[in-house]
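For clarity, chains are labelled A, B, C and D in written order, and residue numbers in each chain start from 1.
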Amino acid sequence: MTQTKEDALARRIAEYLHSTEGVAETFGLVMEGAGFGWAKCSMVVKESMTNGHKVCHGGVLFSLADNAFAWACNSRNVIAFAQSASINFISPAQIGEKVTAHAREEANEGRTGVYTVTVTAEDGRTIAVFQGLSRTAGGKVVEE
Amino acid sequence: MTQTKEDALARRIAEYLHSTEGVAETFGLVMEGAGFGWAKCSMVVKESMTNGHKVCHGGVLFSLADNAFAWACNSRNVIAFAQSASINFISPAQIGEKVTAHAREEANEGRTGVYTVTVTAEDGRTIAVFQGLSRTAGGKVVEE
Amino acid sequence: MTQTKEDALARRIAEYLHSTEGVAETFGLVMEGAGFGWAKCSMVVKESMTNGHKVCHGGVLFSLADNAFAWACNSRNVIAFAQSASINFISPAQIGEKVTAHAREEANEGRTGVYTVTVTAEDGRTIAVFQGLSRTAGGKVVEE
Amino acid sequence: MTQTKEDALARRIAEYLHSTEGVAETFGLVMEGAGFGWAKCSMVVKESMTNGHKVCHGGVLFSLADNAFAWACNSRNVIAFAQSASINFISPAQIGEKVTAHAREEANEGRTGVYTVTVTAEDGRTIAVFQGLSRTAGGKVVEE
């Protein structure tokens, strides 16, 4: 199978997952790209996403990163779930800012995958760095 | 200062933060209790909070836990921010389920605090376990 | 089965694991107690455990916490492995200090367990807080 | 300043830290390379590094990763400490295996840095993936 076929399938999986996600509309998530083992997801920070200090809620930044991670860890077309994740918050994201999560695969062995996700703002600063552990559950995400 | 005074202040802080959080309405967060070094926050899982597998999105569960953590780590009335957090997902939360996050302080030294947050469902099963690292920024959350 | 029987088995498991650990001698680990879902492990910081800043190496503190975690997550007599862990470093541990890790169970569902481990010094300050995710592999640790 | 000068300084820092680490001899750590924002550290798994299941102790793998992280996060010649770290264990490392940790910088803003460290075996499989958060304390590691 060529890289292109794998990437096309990965993109179709991300599009499928995106179309079924309840949070896609809640956060205004945009699929910016997806391929074999990677994915990009963006959103614009809105008032409805803020914490008590009036910057983007850490949980909403985590959600963005987790979403890119989900697309990436399902990109081999085996249903996978997040088991564990950690996030480091570097710089607050302000209302109105567009933030983009970029997930990439660090390791994939047996049923386990590890992905790093960086969340960046348009001015280039890093907002957060996330690492997720996935475990496959079996079954396909989409028909091949 | 008595425990009661500290707890009353902690509760006032949680109420204040809760009143200013943009996500409070987005997720339907309810303040279930707060005191010195601890807080409880609940929500009912809705369609708008789901992932592509139609269970509660990991990021939304993280948001719930992170919110209880924020109330707890600000409960000494010194403004504090999350620096880092990790979460382990144990059992999926279904649409319609009420889930409650309970944050409690593990350590507090100098500007640093560590909190464990357990997220449980009404049938008693654990949904997720979260650990957060906070750092104070100075300044008061509310007037004393 | 009474609490006492479960605790006695858990202690026997911890003693067995401790007797086979290569790091037990390397770090001078001492089993301070173990029961159903919990364990305590201590060591005295030595020159051979330091980092380049001449305080106890973070990896050695992690090892101590991880060891208490291993005893606790194997305490039901089903072989379990660490899948993921996070640690927050609060205060450095100096050469000559005795540090104690106390692991306790936060959740245990199906094959998955989550444990919090606090590492404290004799003067009462918290050195580190650890959280670990375990997964059972099947098989018994000791004969019952 | 050229890349070369920065890399040469980073290497000198790693060599200095390595020469003062008490664990260097304990674990037989080897400095495999270091530059601006990155470092590589290896060791061979020995009996003295095992857990109760007779494979490399998770804490010792963490120590290896943490050491590469320390060299990388001090590579700008500002003293930095680990604040928080997480690790995902992918595949056990056996006695006799050489394992190498490769730390690389994900983000560096103000006093905060985030580093990913992958630990791999000679047959190419990933043993563990680590992510660390560092914070600078001020002061230089070596004279410039």
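Definition applied: a residue touches a chain if its C-beta (ideal position, glycine included) is under 8 Å from a C-beta of that chain, and two chains touch if they have at least 3 such contacts.
Just so it is clear, the model here is predicted, and its values are computed rather than measured.
Participant: Where are there more C-beta contacts: B-D or B-C?
Facilitator: Answer to which pair has more contacts is B-C.
Participant: So how far apart, in whole Å, are chain C and chain D when each is placed at the average of its C-alpha atoms?
Facilitator: 23
Participant: Starting from the mean Cα coordinates of chain B and chain C, work out the distance between those two points in Å.
Facilitator: Chain B and chain C have C-alpha centres separated by 27 Å.
Participant: Calculate how many whole Å lie between the centre of chain B and the centre of chain D, each centre taken as the average of the chain's C-alpha atoms.
Facilitator: Each chain's C-alpha centroid was found; their separation is 33 Å.
Participant: Can you list every residue of chain A that touches 2 or more other chains, as numbers and ranges?
Facilitator: Where chain A meets two or more other chains at a single residue, that happens at 83-84, 86, 88, 112, 133.
Participant: Chain touch graph shape: choose line, ring, star, complete or other and state it.
Facilitator: Basically all the chains touch each other, so complete.
Participant: Spell out the part of chain B that touches chain D in their complex, as residue ranges.
Facilitator: That would be residues 83-84, 86, 112, 133 of chain B.
Participant: Spell out the residues on chain B that touch chain A in their complex, using ranges where they run on.
Facilitator: Residues of chain B touching chain A: 16-18, 20-23, 25-26, 46-54, 57-60, 62-67, 70, 74, 79, 81-89.
Participant: Residue numbers of chain B touching chain C in their complex, please.
Facilitator: 84, 86, 88, 90-91, 106-107, 109, 112, 114, 116, 118, 125-126, 129, 131, 133
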